[in-house]
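Each remark here refers to the structure printed beneath this line.
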Amino acid sequence: MSTLELGAPRSMYRSVRKYAKIYRASLVERMAYRSDFLLGTVLRFLPMITTILLWQAIYKGGEDSTQAGFRLNEMIAYLLLTNISRIFSSMPGLAGGIARDIREGTLKKYLIQPIDMIGYLVSYRMAHKTAYVVISALPYALLFYVCRGFFDTGWPDLLTWVAYLVSLILAFFVGFYFEVCVGMVGFWFLEVTSLLYIVMTLNFFISGHMLPLDFLPPFWASFLKALPFQYMAYFPAVVVLGKVRGQDLAIGLLGELFWAIFFMMLARTLYTRGLRRYSAFGG
Amino acid sequence: MVASLIKYARMWASLGRYTLARELSFRGNFLVKISVEILWLFILIAFFSTVFGRTKSIAGWDEWQYMFFVGCFFALNGLIETLFLDNCNEFAELVRTGDLDFLLLKPIDEQFLITCRRIDWGCALNIPMGFGVMGYSLYKIGGPVDPLSIPIFLMTFVSGAAIAYSFMLTLTSLSVWMVRNQSLMEMWWLFSSLARYPREIFVGTWASPIGVFFTFFLPILLVVNVPSQAMVGLLDWRMVGFTLIATVLCLGASRAFFRFALKSYRSASS
Amino acid sequence: MPIIEAQGLTKTYKVFQKKDGLLGALRGLYHREYKEVKAVDDVSFTIEPGEMVAFLGPNGAGKTTTLKMLSGLIYPTSGTAQVLDFLPWKREDEFRRKFALVMGQKNQLWWDLPAADSFQLHREIYSLPLADFEKTLADLTELLGVQKLTRQAVRELSLGERMKMELIAALLHQPEVLLLDEPTIGLDVVAQVAIQKCLREYHSQRGVTMLLTSHYMRDIEALCDRVLVITHGKLVYDGPLVGLTDRFGAEKLVKLLFDGPAPSDLGRFGEVTKVEGPTVDLKVERTRVAEVLGAILDAYNIVDVSVQDPPLEQTIAKVFQQAEPANVDA
C-alpha cells in the first residue's frame, strides 16, 4: 500500500481522505434503509429472549447453582455480551462478495481504478459497522438496562473497560481479515459460498456464541481457546465479565493481536498471489 | 375442486423433478449443502449433550424427551426449508428486479407459484435425519408407544408445518413494502427461534405473557411443541384441537395478507 | 368489436425524494418527502383483432407502464381498459391463458435448465394438451431455427438464441393477444431480423393481435402499419406509420445531381445536409418545395432530381422534441 511508503505524507493524506470519502458515502447508503433497521432490530431480540429463558430452565433443572464457573446470571450476561462481540466480528456478505467479484470478473473495477481492494473493503465495512453500532446503540442500551439484574458482578474497573474496547476492535479485525481470507480462496476454487456456510455454521459453536467454551470437556475447551475463533465471541465477553485478569488478559490480548496480524498478512499474500493467477488466466 | 387439486399436485411434482435435475447438475454444491446440515445437527446434539451433562431436565423435559423435541424441530424446519424457504427468500429479489411480473401473468394461483416454485433438495435430508433422532430418542425412552399418538403426531406435525409456512408467507409479503429487504432467510431464522425450545420455558412475570401471546395470538409456539408433546409427553386434546383451528386461521390470514401485499406491488420499472 | 380498448388510462406514482448527504439521509429515516409523477396521463385507444400496432416514445414516456396495465400487472390510478373482454387487473385465469407478455430485458426461462424443460413446465401451467403442445413447439422451433438448442441449458445460449426461446415460451399457449416490450433490445441485426420474421409469419398464420414497443425503427417498419406515439405519458399520435411524416415531418429532402460541380450558394434555398462532388442533399420546408425546385431548375443545369421524406427516425426524433414544450406548459 502506498500509505506505508516513507516520506510521503501528502500521498498518505490524500489516501486517507479517499477512504474517508468511501466511508461516508457508504454510511449514507446504510442509513437510508430505515425499515431494514427497525424490523431487523426488533427481530434480533427474539433469540436473546428465548436463550435467556432456555438457560433459566437449564439451571433450574440442575443441582448446582454454578456450572463451569458460571452462575445463572453470569451465564445470561455472557450470552448477551457475545452478541456485542458478534456485532464487531461478524461480516455478513464479505467473503461471498469477494468470491463473487472474482467469479464474475467485477474484481476488475479495483484493478482499473486507483484503489486498493482490501483498503476499500475495510473502509466500507467500518462504515457499515459504525452505522450499525450507532443505530443499535439505543435498543441495546435499553436491552442491557432491562437486563441489568443479570450483571451482578459489579461495575468493571477502568483497565477492564480499556481491555474490553481493545478486544472488540481487534475482534473486528480478526473477523474482517479472516473472512477476506475465506473470500480469497475464490481465486483457486470457484464455489466458495458452500465453504463459507460450513465455516459459519461451525463458527457459531466454536466461537463460544452458543455457550461458554468452559462448559466443554477440558480437552476441547483448551483446544478451542487456542484457535482464533474464540476472539469473535467468547474472549471479549469474558474480559468484560472480569473472568480473565492480569497475565491471562495480557496473553489473551496479545494472542488476539497476533491472529489479527496473521490474517491480515495472509489476506495480503493470498490477494497478491491470487491476482497473479487471475491475470495469468486473463480474468 | 378435486381436478384442480390434482393439477396442482402434478405441477408440484414436475417442479420437484426439474429442481432435482438442476441441483444434480451442481453436484458439489449439493453435497456441501447436505454436509452443512449434518454438521448443524451434530452441533445441536453436542450442545444439548453438554447441557444435559450438567442438568437433569429442561422445563420438565428429560434428556431423551428433549432430544425428541430437537429431532422434531429439525425435521419440521427441514420440511419448511425444503419446500418454501428458498422461494420466499427469492421473493424480495423478484420484487426488486420486477421479474415477479412474469409469475403474476401465469394462469395459476400466485401464492402457489411464488412459494412452491422450487424445491430445495439439499435440505430434504433433514427430514429423515430429524426422524432418525426422534426414533432414537423414542428407543432410549423405552416403553410402549400409544398407537393413537402416531396419527395425532403426524397430523399436528403437518399442522405445525402449515402454521410455520403461514408466518413465513407473512414475513415474505412484507418485502413488497421494503425496497431493500433484509434477507428473509435471516428474518425467518430470528423469528423461528421462538419455536426452537419447549413452550414450558416461558415462565416468570415477564415471560409467561410472551408465551401466551405466541401460543394463542401468533401461535408459532404450537409448531414443534404440540406434535412433540403428543408423542413423548401428555396428550392434551384441547391443545390438539386448538392447533387444528389455528392452522386454518393462520393459512387464511396469511393468504389474505399476501394478496393485499401483491395489490400494492408496483413493478420496479415504470 | 375491438380486442383491446383503453379509456382514459392514468397512472400516478409516488416517488420518494432522497436527500443528499449524511444529514439528509438521517432525516430520511424519520421524515420522507414524496413527489407525484404521472407516468401515463389519460391515454385512450382501441385495437381491432389481428392488428399489429407499435408503441413509440422516448425512454420513460409511459410505454411499459401502459403495457403493464393492459396485462393486469399494475392497477391504473384512473381510467379503465378491456382486453379480450376482460378487465386485465382482475387477473382471471381465463384471461391470463389468452395473452402473453415478452420483455426484452428480462427472462422468464429457468436459467440452469434446458429450455425444453421450461417449455414442459409451461405446458403444465397452461394445461395444454400434449399433441397441441408438441405441434406448436415443433412449428415454432422450426420457424426460428433453434431445434438443436432446446436441450442446452439456457445460461449457455447467446442473447439472440435466448430471446428466441423466450418468444417460443410466450407463444406456446397460442395467445390471442401478444404484448412485446422491446423484444429485440441488444440483439445483433441477424437476430433482430429473425425475430421480426418469426413475428410476421406467426401473425399471418394465426392472426394474433400484437402491440409492441421498440427502439428500433426497423422493427416497427417491418412489422406495424399503425403507431401510437406517447410522450410524457400523453398519447400524441394515433394513426398509420406513413401519416407520421405528413403530420410531423415539416421538411422534405431534395436530392440534386448537377451537371458539373455543385454550386456553393444553395444555402439560400434551405439547409444543405450533404455535398459530394455533383450531388447535393437539401432540406426544404414542405410548403416551399415547388417554389424552390422551380428556382433551382431555372438557375442551374440539373441532371437528376428527387424529392423524398427524411428518414423516419429523424421524424420520430422531431415528434419527441415537439411534444416536450407543450407538456411543460401543462
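Letters A, B and C mark the chains in the order given here, with residues in each chain numbered from 1 onward.
We take it that a residue touches a chain if its C-beta (ideal position, glycine included) is under 8 Å from a C-beta of that chain, and two chains touch if they have at least 3 such contacts.
The structure presented is a predicted model; accordingly, all values stated were derived computationally and were not measured.
When chain centres are taken as C-alpha averages, the shortest distance to the whole-protein C-alpha average belongs to B. Look at the CA centroids: the one farthest from the centroid of chain B belongs to C. Across the assembly, the chain pair joined by the most C-beta contact pairs is A-B.
Here the CA centre of chain A is 30 Å from the CA centre of chain B.
The distance from the centre of chain B to the centre of chain C, each centre being the mean of the chain's C-alpha atoms, comes to 46 Å. Look at where the CA atoms of chain A average out and do the same for chain C: the two points lie 52 Å apart. Only residues 28-29, 32-33, 35-36, 39-40, 43, 46-47, 50-51, 54-59, 174, 177-182, 186-187, 190-191, 193-194, 196-198, 200-204, 207, 210 of chain B touch chain A when the two sit together in their complex.
Residues 11, 13, 37, 39, 60, 62, 64-65, 68, 71-75, 91, 93-97, 100-101, 103, 106, 108, 110, 112-113, 117, 120-121, 124-127, 153 of chain C are the ones touching chain B in the complex. Remark: chain B residues 7, 10-11, 14-15, 18, 21-22, 25-26, 97-99, 101-102, 104-108, 113, 263, 265-267, 269-270 touch chain C in the complex. Residues 33, 35-36, 39-40, 43-44, 46-47, 49-50, 53-54, 56-64, 67-68, 191, 194-195, 197-198, 201-202, 204-205, 210-211, 215-216 of chain A are the ones that touch chain B when the two sit in their complex.
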